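Same chain, two partners: subunit A is paired with subunit B first, then with subunit C.
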Partner chain A sequence: MSLSEEQIRSVLVEELGRIAPEVELDTIDPDGDLRDEMDIDSMDHLNLMIALHQRLGIAIPEIDYPKLLTLNDAIRYLVARS
Partner chain B sequence: MGEIRMPSLGADMESGRLAEWLVAPGDRIARGDVIAVVETQKGAIEIEAFEGGTVGRLEVAEGQTVPVGAPILSLEEPAAAAAAAAPPPSGAPAPTPEPAPAPAPERVSQPTAAPPAPEGVPQPAVPSPAPAAVEAAPPSRAAERVRASPAARRLAQRFGMDLAALTGSGPEDAVVSADVRRAREAERQAPTPERRAPEAGRARGLDLAEMRKAIAAAMARSKREIPHFYVATQVDLKAAADWLAETNAARPPDERMLMGALFLKATAKALLEHSVFNGTFEDGSARPGDGVHIGTAVAIRGGGLIAPAIHDCDRLSLDALMARMRDLVARVRGGGLRSSELTDPTVTVSSLGDRGVETLFGIIYPPQVALIGFGRVTETVLAVEGAPVVRPAVSISLAADHRVADGHRGGLFLRTLASLLQEPQSL
Partner chain C sequence: MPLPRIVKELQALRQAPNLDDYAKACREFSYEAVRERLGPGPGGGANISFWALDRHIAAGRGERLGLRWLGRDGTQRDFTYAELDAGANRFANVLRSAGIGPGERVFALMRRTPELYLAALGTLKAGAVFCPLFSQFGPEPIRARMEIGDAAALVTGEALYRRKVAPWRDALPGLKAVFITETDAAPDETTQALRALLAEAAPHFDCAPTQAEDMALLHFTSGTTGRPKGVIHVHEAALHHYATGAYALDLHADDVFWCTADPGWVTGTSYGILAPLLHGVSLIVDEAEFDAQRWYGILQDQAVTVWYTAPTAIRMLMRLGGEIAKDYDLSALRFMASVGEPLNPEAVVWSNEVFGRPFHDNWWQTETGGIMIANYAAVDIKPGSMGRPLPGIRAGIVAREADGEVREIAEPDTPGELAFRPGWPSMMRGYLHEEARYKKAFAGGWYLSGDLAQRDAEGYYWFLGRADDMIKSAGHLIGPFEVESALMEHPAVAEVGVIGLPDEVAGEAVMAFVALKPGFDESEALQKELQGHARKRLGPAVAPRQIAFRKNLPKTRSGKIMRRLLKARELGLEVGDLSTLESDEQR
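Let's turn to the complex of A and B:
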């Protein structure tokens, strides 16, 4: 499966919005740590990984979590894996 | 005829608004069935039946707010007794109030309700001003006595004040603790305090300002009544982290575990060995928990905090426990908590997860006797076999009630917990 960066961005933004509905995604720093930018805890993070697996078919191994710390990094990683 | 009362969903709750009935007269219900949704300071909570039977009459209309302890539903007699007793047909007009054998609000249908109201609180024979006759709501049997929350009764007794002389500002003019405090202030100062506007039409769903008030009330009570002591220790998590990484590596995301599940399970097993920290302290005596029901603190976006119970943690596998945690967090944030989850935790665990600071000093949630706090897991320099090494570690703290144990005992508990975390595969 090959997904466009636009598709991946929209899924990621939608799932982040589900976790943190009050955060305006266009106001966050795309190169800031998502956990701090959006106040995401470990359970939120796991739910995000589950959602990305289900919707994009990409099972992100735990060992790669540090490669998805920011919005831009996450999109880059997912584009490369799709 | 049995009845189900508005349960106390925590030491701080004075009233609840019946948002939705999930049963109707004539329905058969069993103990534990969800019968209604009640809005409280902690959000919308599903209320479970404390006893089974056939629903006779709904005593409270949807949308009505009633104090803790007020009857909300009456049950018909079991079939055998029913023949003789001839229960009133459902939907019959409400009976005239009985000569008050005082079904006290404090005898609520949940085990960890607020402590019983003190004896000696005046129980006037004359009806208090204005209760009962509220709109179309059916009169409740509590109408004959002063409507007051358990907290208000406790306070009034402490101050030696007559509840009947107070003007209630709570739901249906019930006297709430704020009224007692206000009257107390008025006694001490000359000017009369302003009346608080009745809190009508509170918005449906979670009200973080209300929740903050509830947290404040419970924590103030805790600090007032419970002589806390604190002990803490740093625990090497290399074994646990390695085991977790190895376990999760082979699993898809939806089957992965978090370190928090290991913390809960290890805590539950340690509590089996040190059961003094698992239970409650009420009315001058300690009562052991009827299982290890861990109140698991879950943060709510925007600033709330709630710690519903995960029941029988000691008997759940790690995977089952993880599933319960995910379910609980989802329900805390999305709605659907059940009354028993809020009323019967026997201990609380608060975990800061992978962010925040290294150490947490907990405040015990009354009437529990202990809170175990897990700080953030950090890379830490530890001395291992005589040499410094960097390892993942966590600071675990215990806040406990000095009326049931002391620091020595607390230290032993933390040692047990630490050693359980060294063998994650056996948890």
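Let's turn to the complex of A and C:
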């Protein structure tokens, strides 16, 4: 099954909103490190990776987690593997 | 079934350990000998920075690498001991020019940049008190700590200042100076750009002639009730930092040492700055957050010999699998230690297989100021045990009797509270402005740690849990009260109970149970709003990761929410004695 970039973006935004609902996602820099942009820590990021795997069915090996540190990088990574 | 013990053979160790015979070391140890080793302090007094910097320079070791800073973007900055000393002196001069006097509190709210280390060392040189805050705290924990600590100065980054301090800064009339790092232009007229001030300041400073019992460090820890506690440590603590650096971390003068803890927590100060510099070793500082490949790369490229990290990080490495480690040359690594929460036995065994050497778990807390119980390079490890008390430390397992008395439990393998006979140099000297709470930490001549443990027949200690409702998440001690208070500020919230749930990686994760006021309905939108509310105030390290609604929370007759019961039910455990339960939980 192939997911569109739009589908992936909407799931990512939804899951980020679940972890850090206080952040207005349209105000953050899509190329900035999410940990700075959204004040999330490494536990939050780990939970995000697990949630994305569950929601999208895309395997994200842990070694690749650092490749999903910005909004744009995460979308690029997930689109390439969907 | 306990995992088999890891037997140590002295001859097999690459370097002769500082502690080769545990019993003999315990017999012969004295803090006086450590004091002699460190030599005279400034003006006959005692000063941690003087012993960590000036002492090495006077002995001709000023050109040795003291600190190597690895930036997130791949940059690297090296500081020799002489350069660290000059930087610390400049910072001390900046403080003096700003009118910050001896004993006044200098707070740091910073990412791990070089300025953080210069500020810590310079503050101590100036005779002022260094108070580090974790940069992932939200505005409320920061404000509470700066108020309690009577902050006279703050060193912070521009974004941190704008987001977390500027909105309430006027509430601290005693705050004389705010220094902003990593910028040439201060954000407003009430702040100053630190870089320019350091450049103008003189690189010489006569270290303040502080005395052994003068306050040096103020670390904050949370309680189950009430506001955070400011834990006072004095300059004499250096003796224990030095002794434990030698015994529990086996530091030798030519070591390259990496402590991954952030100086916003006590480990990152005692062992991320002070103990290694007291030993004259080269310290690695990484600005970035956890990243397995980056970490393995640092261990390899920097030829790290002694590594001190935390169970959460070790478990993240384990999740990734040991295969990756084989891509790196980790042969320089000689000794590995872990602290923050108990290291599970599987992780000890895993590390022994993957690295060819085990992690050495050790135990201490903010109040003890330094490592109290440890596994040692030359002593057998029983995986899952925190080890045995440091030479010079008298530990015990005690029971609190109904009459308030405390009795030591002599029988092995019997659960009780982990306690220590007071008197070691890095023991807290008080909770700032909280004499009554300080006194409550002692009974029958023991300092009571709040941790439950047991000791086996060989004298090894085993952690069992907390005696109270404190939560240990990712190595950080989180007080449920602070989290509950923040949630209570939300207009929809009637009552809150906060607990720690077991978490595979973090040890425990914070969970909040919330009952709503009449007129508010449970909804996903409100749940998210509460989550956001808590995160904005508390920051990600303290805020709950999960919020659940309840119609009513279980309470005692006096109206106290029974967190213990919430937790037992959530985990499907035995609920225990319910005789004090007055008003029960309703889903």
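Definition applied: the second predicted complex is superposed on the first by the 82 of 82 C-alpha atoms of A that agree within 3 Å, B and C clash if a C-alpha of one lies under 4 Å from a C-alpha of the other, contacts with A are read in each partner's own complex, and residues count from 1 in each chain.
Convention: a residue touches a chain if its C-beta (ideal position, glycine included) is under 8 Å from a C-beta of that chain, and two chains touch if they have at least 3 such contacts.
Computed from a prediction, not measured in an experiment: that's the story for all the values here.
Because the two structures share subunit A, they can be overlaid on it, and in that overlay subunit B clashes with subunit C.
In the superposed model, A:E5 makes contact with neither subunit B nor subunit C.
Using the contact criterion defined above for the overlaid structures, shared-chain residue A:D31 touches neither subunit B nor subunit C, since it reaches no partner.
When the shared chain is aligned, subunit B comes close enough to touch A:A59, but subunit C does not. Of the two partner chains placed by superposition, A:E14 touches none, neither subunit B nor subunit C. Once the two complexes are overlaid on the shared chain, A:E22 sits against subunit B and subunit C alike. Contacts of A:I50 after superposition on the shared chain: subunit B is touched, whereas subunit C is not. Only one of the stretches 98-106, 206-214 or 314-322 belonging to subunit C has C-alpha atoms clashing with subunit B in the superposition, and it is 314-322.
Comparing the two complexes, residues 20-22, 35-36, 39, 41-43, 46-47, 62-63 of subunit A contact subunit B in one case and subunit C in the other.
The touching residues of subunit A, when paired with subunit C in their complex, are 17-18, 20-23, 35-36, 39-44, 46-47, 62-63, 65-66. Note for the complex: subunit C touches subunit A at residues 136, 138, 159, 163, 289-294, 312, 316, 319-320, 324, 473-474, 505-506, 509, 528-529, 531-533, 535-536, 539-541, 545. Of all the residues in subunit B, the ones that touch subunit A in their complex are 245, 248-249, 252-254, 256, 258-260, 299, 301-302, 325-326, 329, 353-355.
Listed in rising order, the residues of subunit A touching subunit B in the complex are 20-22, 35-36, 39, 41-43, 46-47, 49-50, 52-54, 59-63.
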